[in-house]
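Contents: one structure, followed by commentary.
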Amino acid sequence: MEELTHFDQNGNAVMVDVSEKEETKRMAVARGVITVSRPVFQAVTEGTVKKGDVLGVAQVAGIMAAKKNSELIPMCHLLMLTSCKVEFIMHEEASQIEAVCTVKTVGKTGVEMEALTGVSVALLTIYDMCKAMDRGMVIGDICLVEKRGGKSGIYRREDECCD
Amino acid sequence: MEELTHFDQNGNAVMVDVSEKEETKRMAVARGVITVSRPVFQAVTEGTVKKGDVLGVAQVAGIMAAKKNSELIPMCHLLMLTSCKVEFIMHEEASQIEAVCTVKTVGKTGVEMEALTGVSVALLTIYDMCKAMDRGMVIGDICLVEKRGGKSGIYRREDECCD
Amino acid sequence: MEELTHFDQNGNAVMVDVSEKEETKRMAVARGVITVSRPVFQAVTEGTVKKGDVLGVAQVAGIMAAKKNSELIPMCHLLMLTSCKVEFIMHEEASQIEAVCTVKTVGKTGVEMEALTGVSVALLTIYDMCKAMDRGMVIGDICLVEKRGGKSGIYRREDECCD
Amino acid sequence: MEELTHFDQNGNAVMVDVSEKEETKRMAVARGVITVSRPVFQAVTEGTVKKGDVLGVAQVAGIMAAKKNSELIPMCHLLMLTSCKVEFIMHEEASQIEAVCTVKTVGKTGVEMEALTGVSVALLTIYDMCKAMDRGMVIGDICLVEKRGGKSGIYRREDECCD
Amino acid sequence: MEELTHFDQNGNAVMVDVSEKEETKRMAVARGVITVSRPVFQAVTEGTVKKGDVLGVAQVAGIMAAKKNSELIPMCHLLMLTSCKVEFIMHEEASQIEAVCTVKTVGKTGVEMEALTGVSVALLTIYDMCKAMDRGMVIGDICLVEKRGGKSGIYRREDECCD
Amino acid sequence: MEELTHFDQNGNAVMVDVSEKEETKRMAVARGVITVSRPVFQAVTEGTVKKGDVLGVAQVAGIMAAKKNSELIPMCHLLMLTSCKVEFIMHEEASQIEAVCTVKTVGKTGVEMEALTGVSVALLTIYDMCKAMDRGMVIGDICLVEKRGGKSGIYRREDECCD
């Protein structure tokens, strides 16, 4: 059975030793949503066209946070990302904004944490920029969608985690 | 009607001007949950006693992230936090770990983003430390629970945002 | 006669002691330009409307860098900025993009370095995002335009430093 | 015709995907100048010998900033620099201090942004340390001088960008 | 009896709540030494005059680290330092370089950690710059020398902690 | 005879050029101690079991600082650590807590500075969390214990540096 790998036999928290691992191409996709009020949904949608660009700022924030991942998550290894992007999907009926972060690297460990951190900070940035209109927004359904590369192979989430 | 405050009249993203605001005592509480598999729930629960302390690491990560908030969220002001803590509540039936982050400051703007960032990074750290056992964990229901201080007064979430 | 203030009498580099200074409202405006080729100028102008938003990304980068100023400039004091914005002016004839950064604080020292750093990083970001089209761009005329607050009073640049 | 590469087909700002690129030896040289008043020029020149070392501090600041480049410029990839130096040339007649930053790496993308950032922060540090004597200093002529390695081969600036 | 203050009654690590504390002028002095081989001692001494300035670089590193203290020490509050300096004393007979870091602030908590961090990083930088000559250097006797301000009043170390 | 390698022939501080070096597996072990009062020693020992976990927090701080090493030590190269851990040994008779930091990488330069920085920040964190009980604690005997990999081969400290 699998165990928590971030502890040694004495219970010390450690960065897992990946010295012997191969460098392989890796990618990960994560997603999450922020549920907002109608007026916020409308302001963001219109804002991207004519007033101010909430999603543009959130996109930059998400990418910069993905690069900072190893400074935020204590036991994460630093990786040199070879690609990173954050995209948004507007779900009008549900009044939700979905963020999707795709990260790639060539390295010894995977980039799922980078993708999850990118999504989280992109959504937090939307919250920040819209909080004067609505403090009741909820961020949720943050999950790993897909992961490729490395010994553990391909992971793909089967069910829809949010709807 | 209220508007997006992080843009000027030309649509430029800006840090809102708080120069004229009073310094007042402020606090904010945010929360969120990570839904994990049974084996992960058990490993975390036991780990805090005898093997390795997932929640101890996540607690430190959350506090350090709350302090870093203004580096992550582009339009946030830097604030000198006067208090920060992250607590965890184990929901065995739901197989969920709830993180609650409480932040205080004496300053010109509120600390809700610091609390939300603290919660998010604490939960991401739990994900990271348990992902070898389960990649299907979902982070959600991240919301502001309470906010005090400043011109806008007290905010308190009425409904339960997660259950 | 005035002297270099960042050294003590033994020639040690020091952060100037501002413990006894009053906290006052302060602001600073800095500016600078990047001279680009025609195709770059056009791509940036159009991009802000329909393809990709170079200036939007540069604006975020400038604001975030202004907040990071004390980490970059060794002898600068950390200040809590109460306001920060970066604006761009397109000079079509000169094929130049001008960045103007305005910063405010209530504190013991001025914010001219924050404004200058904001301008510099905004312009460097434009360089980065356009360098695939033109590596010959030149960044220049970075200067302090105005400064208010503190014992030294108002500074206002009289001549036009770039044209 | 070449295009802005930092956007995908939908206009999203992205870190360019370099996963498939070869790791090659790369170097870049950037330069820039700060034009200062006579008294500042003299203070800096003498200071390096007997009072306090403005250029020594600026050198350290420039190298540390080059290493931080990917945290400042949103779409830049992190690279492990294998070499970095900042040198200064005193132009007495023009009352200018020229900074030259040379950076090397073995990696998938070039280091021109690291060199340009190193130059910019070195010059900003000189400004900071001398601003008590003169607020009218101007930073300019920041440009890429040379670039080697990678698919695009050798770039060398032909004209003198500053004089 | 005094207790560990960085934990709440449930054993959670917390940033101590200082919201109710007065802002007062505070200062702290810390020191430490690095014991080096004769050739290193000589190289550093001469270097400061004619070759390269080990101590100049270490001074900048120490000041910058003092400013970064709250990012390094998890439960430390961010403080706006109003003054920071690092000085070196050469002990030729003992072949030791002593670093002394003095920090001031006007704030709600003390700056002893800032001073201790400044000393530590200054000494580590000396180690780094000299390690090609001698890997056997030892850093030690890092202690708080003096502390003023705040409710606990003046602390002054009575014995000499290193000799 | 060996010389200071962090300066070029003109005395400029530089990051040593390692472009031509091979990537090899490297490791380093560093150690150090903090000497504390009896009550502190007891509080830490008991705290790890039932109240609050000083050493758990210090462990996280040490690992995160090792990853941040190149931001703290000006002339250090960034390296992607493949493994990092911090362990503590309680010396009851001497009333000392010893920290040992082990770091690995596959890279062009060694990781001794990462290990030394990890030890230093872990010990500073213990100081911070116990300083309400005792301000007289002394940190010392920080040294490199072992180093493997790279051209210079194996280094192993022969004498015991602290006892």
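Order as written gives the chain letters A, B, C, D, E and F; numbering starts at 1 within each chain.
Rule of thumb we're sticking to: contacts are C-beta pairs under 8 Å (C-beta built on N, C-alpha and C of every residue); 3 or more make two chains touch, one makes a residue touch a chain.
This one's a predicted model, so the numbers in the text were calculated from it and none came from an experiment.
A.B. asks: Smallest number of touch links from subunit D to reach subunit F?
C.D. replies: Minimum step count, subunit D to subunit F: 1.
A.B. asks: Touching subunit A and subunit D alike: which chains?
C.D. replies: Chains touching both subunit A and subunit D: C, F.
A.B. asks: Would you kindly say which chain has the C-alpha centre located farthest from the C-alpha centre of subunit D?
C.D. replies: Comparing chain centres, B lies farthest from subunit D.
A.B. asks: Considering only mean CA positions as chain centres, point out the chain farthest from subunit F.
C.D. replies: Farthest from subunit F by mean C-alpha position: C.
A.B. asks: Taking each chain's centre as its mean C-alpha position, how far apart are subunit A and subunit B in Å?
C.D. replies: So the centre of subunit A lies 16 Å away from the centre of subunit B.
A.B. asks: At what distance in angstrom does the C-alpha mean of subunit E lie from that of subunit C?
C.D. replies: Centre separation, subunit C to subunit E: 32 Å.
A.B. asks: Hunt down the residues of subunit E that sit against at least two other chains at once, touch-wise.
C.D. replies: In subunit E, residues 8, 12-13, 53, 56-57, 60-61, 64, 68, 71, 74-75, 78, 80 touch at least two other chains, as defined above.
A.B. asks: Where do chains touch, given as pairs?
C.D. replies: The set of touching chain pairs is A-B, A-C, A-D, A-F, B-C, B-E, B-F, C-D, C-E, D-E, D-F, E-F.
A.B. asks: Across the complex, what residues on subunit B touch subunit E?
C.D. replies: Its residues touching subunit E are 25, 56, 59-60, 63-64, 67-68, 78, 80-87, 104-106.
A.B. asks: Please name which positions on subunit E make contact with subunit B in the complex.
C.D. replies: Of all residues in subunit E, those touching subunit B are 8, 10, 12-19, 21, 70-71, 74-75, 77-80, 107-108.
A.B. asks: Quick one: which bits of subunit D touch subunit E in the complex? Just the residue numbers, please.
C.D. replies: Subunit D residues touching subunit E: 53, 56-57, 60-61, 64.
A.B. asks: Please give the residue numbers of subunit C that touch subunit D in the complex, ascending.
C.D. replies: 1-8, 11-13, 32, 39, 43, 47, 50-54, 56-57, 60-61, 64-65, 68, 71-76, 112-113, 116-117, 120-121, 124-125, 127-133, 135-144, 147, 155, 157, 161
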